[in-house]
Amino acid sequence: MEPKPASASSVTMTQIVLPFHTNVAGNMHGGEVMKLMDSAAGVVAQRHSLCNVVTASVTNLSFLEPIFLGDLVICNAELRYAGKSSMEVFVCVKAENLSRGEIKPVVEGYFFMVALDRNGRPASVPPLKLENEEQKRQFEEAQERINYMKKQRS
Amino acid sequence: MEPKPASASSVTMTQIVLPFHTNVAGNMHGGEVMKLMDSAAGVVAQRHSLCNVVTASVTNLSFLEPIFLGDLVICNAELRYAGKSSMEVFVCVKAENLSRGEIKPVVEGYFFMVALDRNGRPASVPPLKLENEEQKRQFEEAQERINYMKKQRS
Amino acid sequence: MEPKPASASSVTMTQIVLPFHTNVAGNMHGGEVMKLMDSAAGVVAQRHSLCNVVTASVTNLSFLEPIFLGDLVICNAELRYAGKSSMEVFVCVKAENLSRGEIKPVVEGYFFMVALDRNGRPASVPPLKLENEEQKRQFEEAQERINYMKKQRS
Amino acid sequence: MEPKPASASSVTMTQIVLPFHTNVAGNMHGGEVMKLMDSAAGVVAQRHSLCNVVTASVTNLSFLEPIFLGDLVICNAELRYAGKSSMEVFVCVKAENLSRGEIKPVVEGYFFMVALDRNGRPASVPPLKLENEEQKRQFEEAQERINYMKKQRS
Amino acid sequence: MEPKPASASSVTMTQIVLPFHTNVAGNMHGGEVMKLMDSAAGVVAQRHSLCNVVTASVTNLSFLEPIFLGDLVICNAELRYAGKSSMEVFVCVKAENLSRGEIKPVVEGYFFMVALDRNGRPASVPPLKLENEEQKRQFEEAQERINYMKKQRS
Amino acid sequence: MEPKPASASSVTMTQIVLPFHTNVAGNMHGGEVMKLMDSAAGVVAQRHSLCNVVTASVTNLSFLEPIFLGDLVICNAELRYAGKSSMEVFVCVKAENLSRGEIKPVVEGYFFMVALDRNGRPASVPPLKLENEEQKRQFEEAQERINYMKKQRS
């Protein structure tokens, strides 16, 4: 398969925080943020592989700041690694206060996704075309995270 | 107030169509699409005015194609007109089939928004800076739509 | 097909505004109102045609007053026009403050619906039986709106 | 307080069954039906008392038939009894198959409501004006149900 | 079929009260509580019968105290009666205030469930193995409730 | 503060997978699982600290098996580590197929929580009373994970 660059699959998903999405404190529920991030990771993995995908693991997900009712949540997801049938997606969430016009990073984390064929078995995915030094470094860091996860599980 | 261009407030909101969003036929519920469009129009009007805003009217909203379960819905909203305290936002929705990588326009419409101050009264908004001939034409078309709406109501 | 009067398909849908339905300001989300109106228009068109129906367009939808948390939302929908396979439904929403017993109109708009057969192609619908002068006038106004919409799109 | 007839507070609430409302079998979730019935009972009790109200108990709630995806659910609620600060509301739900135009009763039950003042204490409610023999009989039956409930609890 | 004790099918379902679940007063919506109770009753009946089940009726459901935003809702459901193809489940809900560590009973009621085979017809269920005097008494009380319900309906 | 054992704060939260919770493939949405896990972790941290808590990070979250529509999701959360104002909660999710009576582990992960006082600043939490060798080992593993996370972030 033809290698594809990260730019071909990256996505920005956005959402206004409504009362529907809030927790008991009135801020965006952490679970709702993770749900949005998981969707964005899924879009990236589907666009890269043109397959069905499932989330295999999530790691190093950090909540940096609370997200408030009425904020515009801006969720960027970008491919960092592609293996034989797996992909790692970095998801970074920012919150925009619409009445002050201020944006700040609020959550980030890594989603490890697996492509599946029609029988639910791992499917091959295109290699990730690394276009600069930073992408190469990020690819290696992803491999380390994946190895760390594997070691932890066994 | 300093005029602001449309590019300073335009937004793209995106969402995956989940079973939660579907109608009886299993496609995205028209009401859910309108809810997403209304949110996007609100973001544009808030970004332009830095005020609270309410939707005053919606017009010429056309459903061109059904949106299917699993599609990525991409909703672009852009300011077309700004008056004393009102704004018109054009909202255009596309749907991307993620396993085929195809995108097509599915819904579009015009949202007429009013900015409000803290007492709930109309607030002044910055003029829209028109940057090219197309934007000037769109501004005039917006004025015609607004006049037509006013005439219809009386 | 036998003509059917508007009274045979009109519907009233009602709903209490819960926190689930609110926007950032704590009032009913405009998108939730439109979702309710779209459902009501769909019921009228389904009852008139006894077919599956889809919303083709929405126009002249005006938000007259905010709808508050706890209000009873009363949404009336009534057939105004029937063509070969299309129908126009007028939807008018009132809000009742249950502790004061006051009702006021809050939103109204026109939904243009198309009946579909089992293969997703336009299906014939019964003519609308016009029973008085007002209904005749409303039928003509609907035709004007439809022509205006068509002209706008081309 | 002036007695008020049941007709002054009765309400019909309606809803389309969307995938959002379904259970694992794909029919309307029993809990969603009870939620709709509870809302309707609340509207009747609020209209009669012009107070905040809470549900104190529910009894003899019978599910007669399943409610299917796409059905129009028609929920009628009517005051049957008013005491010092309590009220009993009969709620009867019908389902309309919109493509066949058939309606059938699906659920019914009795909701016992209490009116509360601003401090959360029981508030006086107007007497129920009984307008015919059937309403008198229903009033007595309600009293029996209430007595039965009280005896059960002690 | 082998008799099964109540302990083999009893379940505890728990949920945090989020803004999503609240009514106009900001407490847990009575309908949401009933939805949770109905789910728990369904789990018990499914576990006992290993069949699909439907709720046939609900009775003597009492709301003892309001449930507040942020409370942990603890819903216990336990089989009290099993007939040829029907089962009665007692559902008892407690609310825990997590910052004070206090728990109190808030709602309780009886759900009468019917097991269905693949064709939607009543299916045989295992007898309930009564293990002590209290369970025998509860079984008899359940029979009285069921007889009372039958008499009421005719 | 008095040390508290893990058993004093552990919780089991359960939920039936409804169409509302499903993803495009019809299984439980990964984001919904994470939302449930996040709630359970929050309950444990609140019970241990009797404070408001926020999720600071999530790590080593592994999806082992899909969770199907209709499954009973059983989510256990248990304190593994308590520092000055932070706590680590292990959350382990099982899915029960109710018609076959089979249970299997489906997701697990670690949630790092911080207790907050009324001004939103870190609040002291009781030490975790370690009651056996396994809990001591788990406490040390938690410390390693926390150190790894800190190193990753810098």
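Letters A, B, C, D, E and F name the chains as they come in the text, with residue numbers starting at 1 for each one.
Here is the rule we go by: a residue touches a chain if its C-beta (ideal position, glycine included) is under 8 Å from a C-beta of that chain, and two chains touch if they have at least 3 such contacts.
Just so we're clear, the structure is a prediction, and the values are computed from it rather than from any experiment.
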item: Contacts common to chain A and chain B (chain labels); value: C, F
item: Chain at maximum distance from chain D, centres defined as averaged CA atoms; value: A
item: Selected pair, greater C-beta contact count between A-F and B-F; value: A-F
item: Candidate from D-E, B-F or E-F with the same interface as A-B, over half of contact pairs in common; value: E-F
item: Chain centre separation in whole Å, for chain C relative to chain B (CA means); value: 21
item: Cα-centroid distance, chain C relative to chain D, in whole angstrom; value: 27
item: Between chain B and chain D, centroid-to-centroid distance (C-alpha), Å; value: 40
item: Contacts with two or more other chains, residues of chain B listed in rising order; value: 16, 19-20, 29, 39, 52
item: Contacting chain pairs - touch in the sense defined above; value: A-B, A-C, A-E, A-F, B-C, B-D, B-F, C-D, C-E, D-E, D-F, E-F
item: Of chain D, residues touching chain B in the complex; value: 16-20, 69-70
item: Residue ranges of chain C in contact with chain A within the complex; value: 19-20, 22-24, 26, 29
item: Chain C partner contacts - residues on chain D that touch it in the complex; value: 11-16, 39, 42-43, 46-47, 50-52, 72, 98-101
item: Residue ranges of chain B touching chain C (in the complex, touch as defined); value: 25, 29-32, 34-39, 52, 54-63, 66, 109, 148-149, 152-153
